[in-house]
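Common to both upcoming complexes is subunit A, partnered first by subunit B, then by subunit C.
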Partner chain A sequence: MMTTATASGTALIEIKDLTVTYRSKGREVRAVEGVSLQVAARQSYGLVGESGSGKSTILRAICDLAPVTGGSIRIAGEALEDPRGTDFSRQVQMVFQDPYASLHPRHTIDRTLSEPLAIHGIKGSDQKVMQALQDVGLPTSFRFRYPHQLSGGQRQRVAIARALMLEPKILLLDEPTSALDASVQAEVLNLLNRLREERGLTFLMVSHDLAVIDHMCDRVLVMQHGRAVEELSRDDLAEAKMTTAYARSLFEASADRMLA
Partner chain B sequence: MSSLRLWLTDPNPASRRQARLGQGYLAWLRIRRNKLAMTGLVIVGLLLLMAAFAPLLAPHDPLAQDLSRRLLPPGTPGNLLGTDDFGRDILSRIIFGSRITLYIIALVAVTAPLLGLLIGTISGYFGGWIDALLMRITDIFLAFPRLILALALVAVMGPGVENAVLAIALTAWPPYARIARAETLTVRNSDYIAAVRLQGAGAPRIIWGHIVPMCLPSVIIRVTLDMAGVILIAAGLGFLGLGVQPPLPEWGQMISSGRKFLFEQWWVATMPGLAILIVSLGFNLLGDGLRDVLDPRSTGK
Partner chain C sequence: MSLLEVKNLRVTFATETGPVEAVRGVSFSLGRERLGIVGESGSGKTMTGRSVLRLIRPPGRIEADAMSFDGVDLMAASEREMRALRGNRIGMVMQDPKYSLNPVMNVGEQLTEGLRRRDRIGRTEARAKAIAALEAVQIRDPERVMAAYPHELSGGMGQRVMIAMMLIPEPDLLIADEPTSALDVTVQAEVLAILDGLVRDRGMGLIFISHDLRLVGRFCDRILVMYKGKVVEELEAKNLAQAQHPYTQGLLNCLPRIGGARGPLPGLDRSGDWAKEGA
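Let's look at the complex of A and B:
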């Protein structure tokens, strides 16, 4: 079974034996089976694996977007309520994979960014929206544009700004750069790293690319077929100290880009 | 004037108000480029003016009878479009009838799509037994022919303009509910809805602020296509004597009373018929243009 390096007392995100089962028309699909992990505050934790390995489903389960059928999820030592309350949305936010699908096509950037403030009755949205745009490196003149007037990278910056509007402690990143081309990918990853340092955020990041994980994360959990295969620290990764054959094959597939 | 235009077309608006006004101005420019939509807008505008200034425009009292001047043909001095079987001036009756027509259209256009949108989006968003219940109710309403159902409702509630409007609205909502539900099903699992749910938004905010805007374009197309049908159903109810009561000058009822003389005095039924045709056409053209304008994606980059 998994070994975890962090003591359970300090873990901000604590997932134990999580099982997610999709049911449709009598068929059952176990997307995640008995996965446990712990993420300490201010840590950046990666989930890596091929398509269908259940890594995104873990993020969705945290947000109540996937049917949890077993195990427990704790944030800051407390079990999550069902349905997730407003406290949860102030603590945890998510950046979705596809920036073309995650922004409302008929809302201006201004509306998209001020919506979370309106939901939580936070005042001063005018100024906060401008500040948020600056923080993610977008010109404030973009404020009243529609998503279709922005590029993919710019959209993803808007999505990141939206996730940060409520000043959460935890950011769930669901392959935030897989829909972007290589140069934009690096920009967005660097932006995320900078924001994490400035704001002391905790990341739980999903990727199928070990190179991205290596650039971003302190620890990584390798997954396959809905199960955890192996947990590695960044040093393990750098020294290629993986014990399972699957993790090694993933590593070898992206090793050349990691060394570069 | 040019500084106002510059302010409105500023690509980087300084405030929310400026951005909204600027979008309105761009929408106006877009509809102005569309010749057919402008034609529709002019027709609807003229209808509005006609209704507003009816007492000034009408040459005669629409209710004044003069049996010595009955059934005069169009072009008679003093009665441009002729007179009906009671010697009432048809032009004046059409002008005053525009008020009743507009009143019916306005009430139906507000109530029926709104009701349909609400039922459709709620049904699609929540799913499960709520969806099943609301959609079966919709099916029941859809199963009846519209005019027959409207007739039954008017027969129960009694004839009159308000009851006719209510009857039409109650029979017109199911198609809107169907359209809204279908659109809702395509967007409810999208990432942007998941994102706003994750921000802690409740169901009313998600439905009204995020799902309804996605359903609006298809509903608006349907409304404008139905507008002509609403005029005709209102006319049909009037024709059957269940809508507006005589001697009020409602267009459908005027056609109905002119039916008796259709072969000898064709103008009595034809003139209000032409009025219905033109107004229906105007709403159809305008609606077509509005659909293009309401989609922000059709704005240039």
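Let's look at the complex of A and C:
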């Protein structure tokens, strides 16, 4: 059932038996338990599940934002260094769920976009910021605005532009459109697909919305209670060829099934 | 005879830069049915729902040619008369149980508070009513939930508690503002089934406010589609697929579908006259 793209060695993202455990006050919570997945270069891979299924935690673990207690994460065949260095941020960037919370409220768009360049000592930030705004379909006149002067969709475009400043190969997308209106969601999903095509990006995308995942991803992993339940190709999903009861119940409850 | 009649409702907020109209002339009537109000953020759907209970604070102002509930003129009613309606005859369920339940009061106290204070019912009887209400929303272990604090409940459980709380006074009309948006899809289905059963069994009227057109299309009898404070289309839910208005069509088409085409999703075309300012 493994496709050639996911055969060992060629995967760009390779996660094996990942376990994430949060500890507090003597209590242990396993947010992710023994999850393995492989994403080939230029592929788009989806993680879907309900709240508490551990899907976002996997993205956070890749960025060293969650306590990994077992298993391994490899990017382009190499184990990640701890803490993640500058090489990592040039390869992997993340877009968060809430565009109202993920942009610094007192930094202008210009500052938000040029900061990664400054950190990495990359020159020509002036021109690069203008280009980045154009690439995500924002007018360059937005450059010196603050986040509160933008709508939710515009903010999410800025967050995507920021993630792309260092020209990474991989984008980790954590519910990038769930805080947006349906029509704005369509625009942002179209933007992400266009950028992936143009730049040959690899996506690892989290969503609770099976229809969004289906639209965006080639393969999808259904998760529940921190464990992988079932991996499905896009065709299997469209033809409802899931084998587990949970994946089926998620499919049946999916909003777009409601209108026959 | 309709339960609720709203004619030319306007909600205006006075701001430094002049008045902002959040609702611009909305009219509808509601019987003992499920009415869905759908729109994107800023469409005025929540404000419309809150206006019915006159729950809009200054600088917001409500105006209407007529707004009556079961013979009571809501525009002329005193604040005291409104208080008698709120909760008792018109209930409201908010979006997020995390922010709408009192975090430092256990569920049992919150459920019985109204009964004991308003209806002057004794402790044991109030408790029995609260447990019955929790059972009505299909909570299997009401005793445990009664003793729990809101943070100890999951989202779906919290939302059921809020619905139970609203149902104890047996209102004639329930206004539910995005009652399932904070919930997972499988839980969402359960909560909707509960609401549906209550409308059917008790003959309650329901105003279901949501941004999710497909959900409303499946769940409600009739739909009002709002855009920038106006109702742009009113239709029977079963005819949703044949919606005439470009905004309604746009809202339906811009959603991805499982097994749908992979190309770019159609955006919402706002170039029509209907989308113009002041249209």
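As a convention for this text, the second predicted complex is superposed on the first by the 249 of 260 C-alpha atoms of A that agree within 3 Å, B and C clash if a C-alpha of one lies under 4 Å from a C-alpha of the other, contacts with A are read in each partner's own complex, and residues count from 1 in each chain.
Going forward, a residue touches a chain if its C-beta (ideal position, glycine included) is under 8 Å from a C-beta of that chain, and two chains touch if they have at least 3 such contacts.
In this text the structure is predicted, and so the values were computed from the model without any measurement.
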*Evaluate whether subunit B and subunit C can sit on subunit A together after superposition, giving fit or clash.*
fit
_Just to be sure I read the superposition right, which of the two partners does A:193 touch: subunit B = first, subunit C = second, or both, or neither?_
second
*asked:* Quick one: is A:237 in contact with subunit B, with subunit C, with both, or with neither? Answer first, second, both or neither.
replied: second
*Should A:86 be classified as contacting the first partner (subunit B), the second (subunit C), both, or neither?*
first
*Is A:101 contacted by the first partner subunit B, the second partner subunit C, both or neither?*
first
*Counting only touches as set out at the top, which of subunit B and subunit C does A:110 meet: first, second, both, neither?*
first
*Would you check which partner chain A:24 touches, where first means subunit B only, second means subunit C only, and both and neither mean what they say?*
neither
*Once both structures sit on top of one another, what is the angle subunit B-subunit A-subunit C taken between CA centres, to the nearest 10 degrees?*
80
*asked:* Looking at A:208, would you say it contacts subunit B, subunit C, both, or neither? Reply first, second, both or neither.
replied: second
*Considering only touches as defined above, state whether A:183 meets subunit B (first), subunit C (second), both or neither.*
second
*asked:* For A:254 in the superposed arrangement: first (subunit B), second (subunit C), both or neither?
replied: second
*Between subunit B and subunit C, what is the shortest CA distance in the superposition, whole Å?*
10
_In the complex with subunit A, residue positions of subunit C that touch it_ = 40-41, 155, 184-189, 211-215, 217-219, 240-241, 250-251, 254-260, 262, 264-268
*In the complex, go through subunit A and note every residue touching subunit B.*
63, 65, 84-86, 88-90, 92-94, 96-98, 101-108, 110, 115-116, 119-120, 126, 141, 143-144, 146, 148-149, 159, 162, 165-166
*Give every residue of subunit A touching subunit C within the complex, in rising order.*
50-51, 152, 181-187, 189-190, 193-194, 208, 210-212, 214-216, 237-239, 249-251, 253-259
*What residues on subunit B touch subunit A, complex-wise?*
11-13, 16, 19, 22, 190-192, 194-196, 198-201, 205, 209-210, 213-214, 296-297, 299, 301
